[in-house]
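Labels run A, B, C and D following the written order; every chain starts at residue 1.
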């Protein structure tokens, strides 16, 4: 979490320096992402993420350097060979992927991934992430409906930060809770406080168990704050009140988590400081390394295209 | 209802004679369609139908000749100038339309129609029909969600016959009732027996009242039987058991309605016979009239296209 | 070699491929006990069971999105879109998503999925059961698009599609399903994606076409022999990638190009074929690059006389041949 | 005449039209207090209120489907798709439905709706914020498609779109939004849909283009004067219907055609322009009909060098001019 926060801050800084073209942020979503991943098994489960899964990616073992190569579009970027926006593509080591920026397309895909496992008799679980805005898309409905019919081992994990860019929840849906829709598909929906690592972990563990047992999908809705504007291109003071923005920090999951741990004597002030300074250093090292790396050259632009004919077409047209 | 049944049967006959290219049937859906329309006000309300709304169209004042012109694709066909499948296009006298065969596209359109009324301060209600199969489409979700956010004066009317062509309800959804999804959009959902004219009328009246009062949408689900195969192109013995097919007739809304009326002394045997013989005659007259009419000539093929340039393109290309 | 219809060839190819490879599954509306509305999967659920022949909910975006998900997780799905006119809800999952999986993951993931789509008119289908939908797919890098017109090609190209490691759109003209018969070897074979075929050699002009129009073009070519015009007919067969070399070779050799298609002409396959010829064969041509298609109106009217007037026909093609040959 | 950027012209045109006609409403994601992600509707919610400037749920199919519903019930909606790459979920409501309303109801209903779509690349948008999406719309009878490249044209064509009684797709190249400035009269005017414009007259060859590429073509034409090549630049402006007469006239007059576009070439606008020229100007041409576009790979890589290599540029256009002029 702490590493995620520092890296996240660094990425925004790199954007302001003109080095990173764009960045979304997981600030405010960190606790829920870590706790959810902790309840799953990265050695066999599948993860379909969206652009705000910065912390989840770190939790799944992505190195800070690898993340930064995405933001800075460097040559050895591991997810898409820098063909895509940061964090898009497929992970080099676990089955985590994010094919596109297009909201909610990952949900039917996740149902398909889970269907394949079910047909093969595997007990792998598929976790798919989406936002409150994504809940409005037709694909979200179709995916949940399909998963409900086939009782697929999939967890629909909604990170509800009450905003889709500038559109607040009450303009997104006529109800309060995305989780309440699960009954309309024949599986359970649970609401959890996304700043509470224990609650998220418990809810996810129950869903994982259900899925592995062949009992079908679960919809989990974690309420979180989006502490920063939507992306580096956004300015949330245009649409959020100063008061609203000020109050958000009360729900900062980093502070809440460290307070809880300290209160339970699971974390000392000293350890906390250590964690922070280690994370800071890690981010500095990674930044220095990646900043010095080259961009992909033009030669590799034609890698991973479909077939020879398409390449011929190119050669022909631009000869 | 009786007229609808005879006309419906005639249309299938015309198909078997090679005169009507295709027909869907409302047999089994008649009661619910009549009762629903009765609860609305055709002088100001809007109706977005789908291909199975045979009876609803008659209830809204379409003449048998007009319907037959659709099935036989005759020159003066009133809904689409015979450009479209039967019953598609727009009604010549009430605001009833059916732009396409594409399942569920009418639902967002209905939300839009209702939105326009709401913005203008009109108290018109929009009724949109769809089947159980259509409930799976993304558009259905998006429409209901939008209508829920804006509390639109729209009635989502589902005629649930438990089949989408051959696909039975349990392969369509992980739940039993489409109506139960309404809570996920913030408005009421009601289930009614679609063979019970009183129940359908009451449910629709309540929904109309709600809508006119500005309280927003209602989802009504009427359970009905599809007494015939999906269309004249289908053979339901491929996917329904003989038993299932035999039992359906117990839910024939015509028989049920006439039994109820007779039991309540609202209909005598004599009156019933009269109704039947009048309807038969009406259908015969209409058939004779329309059968003799010509097809649209080629000249009118270019009517109602967009603009001169497109026509020029045509003239140029086929000169 | 037994004679088969196109739909029989499609069905037997799916059956043979499914026997060969366990990872192949079918998904679509009514593909199960109904056997598909055109009976393409008739009987397959009996042989392969509900796990491999899946009646989906009525929702095309999820049919394709779910298929894509299974494809990136070890399966080779064949998705059926019931009618081409209903593919529009799935465009996002096909054009937006599936086409970019390989490129967008630096080759880490691929999407070996086949999407079978019955398309085309002349079947009294009106505006929503007659559409041609090839344009956008044929435009999209990352997709392959085949459009077989004969039972032989239907088998060979469908087998190639199923075995491809990337998404392939298979366009089957629904009017050819029962109309067109031909010899089909019982043994397995594939036809390479991206290769056109000269279905009738000739010297005076070339007709470039595909789908149902191939058969009309062949009829027109036969009729043209009466006027001693020797017409070559090139079946494009694959619409993406187009076989540019075969197109250019034939156009350069005969010197006259007539492109015939059922789809409306503006920004279409026929435009691309014309552009290839205009660029590569310019100095070899001795007549304008001519296109014959339907008028630029929504395809196509339901009423019978207007539908007939809308569709290109052997007679219309013959008229275009004659006019071009005279230049 | 005040100088404006393209985005300013778009905004002021919507504002002026909304003042003129109460039935005009805006719908889209973030069009309200955010003012749209490109600020096209900045301030409009303050002037016209939440009833006429509607922040929709995140669901493009319903944005277009709802807009269509309001359009057939007395309104003139302007729907905004946030980025072109996200229009695919709405294809069914636009191509499948809206385009056929007039024809499919025998003229009883019409759909006076405008859909504004920021498209195009060269903005470090990667695979999902750079797409060109004109092909399918430009192919579809029943739709009009405009693609203004200057503030003046943006105003005139957007006004025409809003006032049209049928659906119009307005493609705004997002790179031009702030980059391109020009004089825009304060009074209202419209530019007819379907009319191309010669943006630079010339005698030696014609470049046919639209969107951002217009500006690159004009730069290249200027550069070509050094080699004494006199290049005409024709801005297509409307992509459906294409101004076939203007295209044919210019190609016949200069005798050489170079078609430049940012979209991948196969089955595209450039194909259609080439086909028109190949059919209508065949006897007047003295060089192959040449196309310049990006390679046939998914548009377009995120990394900067590759993005630059992908995009056509004034330099690449100049090279094509020089080569064609030498023939």
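The definition used in the following text is that contacts are C-beta pairs under 8 Å (C-beta built on N, C-alpha and C of every residue); 3 or more make two chains touch, one makes a residue touch a chain.
Note that this is a predicted model, so its numbers are computed, not measured.
> Would you kindly count the fewest steps from chain A to chain D, each step being a jump to a chain that touches the current one?
The fewest steps needed to get from chain A to chain D is 1.
> Taking each chain's centre as its mean C-alpha position, how far apart are chain B and chain D in Å?
Roughly 39 Å separates the two chain centres.
> Any idea how many Å lie between the Cα centroids of chain C and chain D?
Result: the chain centres lie 30 Å from each other.
> Return the distance between the CA-based centres of chain A and chain B, expressed in whole Å.
That pair's centroid distance is 44 Å.
> Send over the residues of chain B in touch with two or more other chains.
77, 80, 83-84, 88, 100, 102, 136-139, 142, 145, 149, 171-173, 305, 310, 313
> Can you list the residues of chain C that touch 2 or more other chains?
Counting only residues that touch two or more other chains, chain C contributes 56-57, 59, 61-62, 85, 88-89, 92, 96, 100, 103-104, 127, 141-142, 241, 265-266, 291, 296-298.
> Once you've mapped the touching chain pairs, tell me: line, ring, star, complete or other?
It is complete, because no pair of chains fails to touch.
> Once bound in the complex, which stretches of chain B touch chain A?
Going by the criterion above, the answer is residues 136-142, 145, 147-149, 151, 170-175, 180-181, 183-187, 216.
> In the complex formed with chain C, which residues of chain D make contact?
Going by the criterion above, the answer is residues 61, 85, 88-89, 91-92, 95-96, 99-100, 103-104, 127, 135-136, 138-139, 141-142, 239-242, 264-272, 274-275, 277-280, 282-283, 285, 287-291, 296-299.
> Can you check the complex and tell me which residues of chain C touch chain B?
For chain C paired with chain B, touching residues are 29-30, 32-35, 37, 55-59, 61-62, 85-86, 88-89, 124, 126-129, 265-266, 291-293, 295-298, 301-306, 309-310, 316.
> State the interface residues of chain C toward chain A in the complex, per the touch definition above.
25, 51-52, 56-57, 59, 61-62, 64-75, 77, 89, 92-93, 96-97, 100-109, 141-144, 166, 193-194, 241, 243-244
> For chain A, which residues are in contact with chain D within the complex?
Where chain A meets chain D, its residues are 21-22, 73-74, 77, 80, 82-85, 88, 100-104, 133-134, 136-139, 164-167, 171-173, 233-234, 238-239, 295-298, 300-302, 305, 310-311, 313-314, 317-318.
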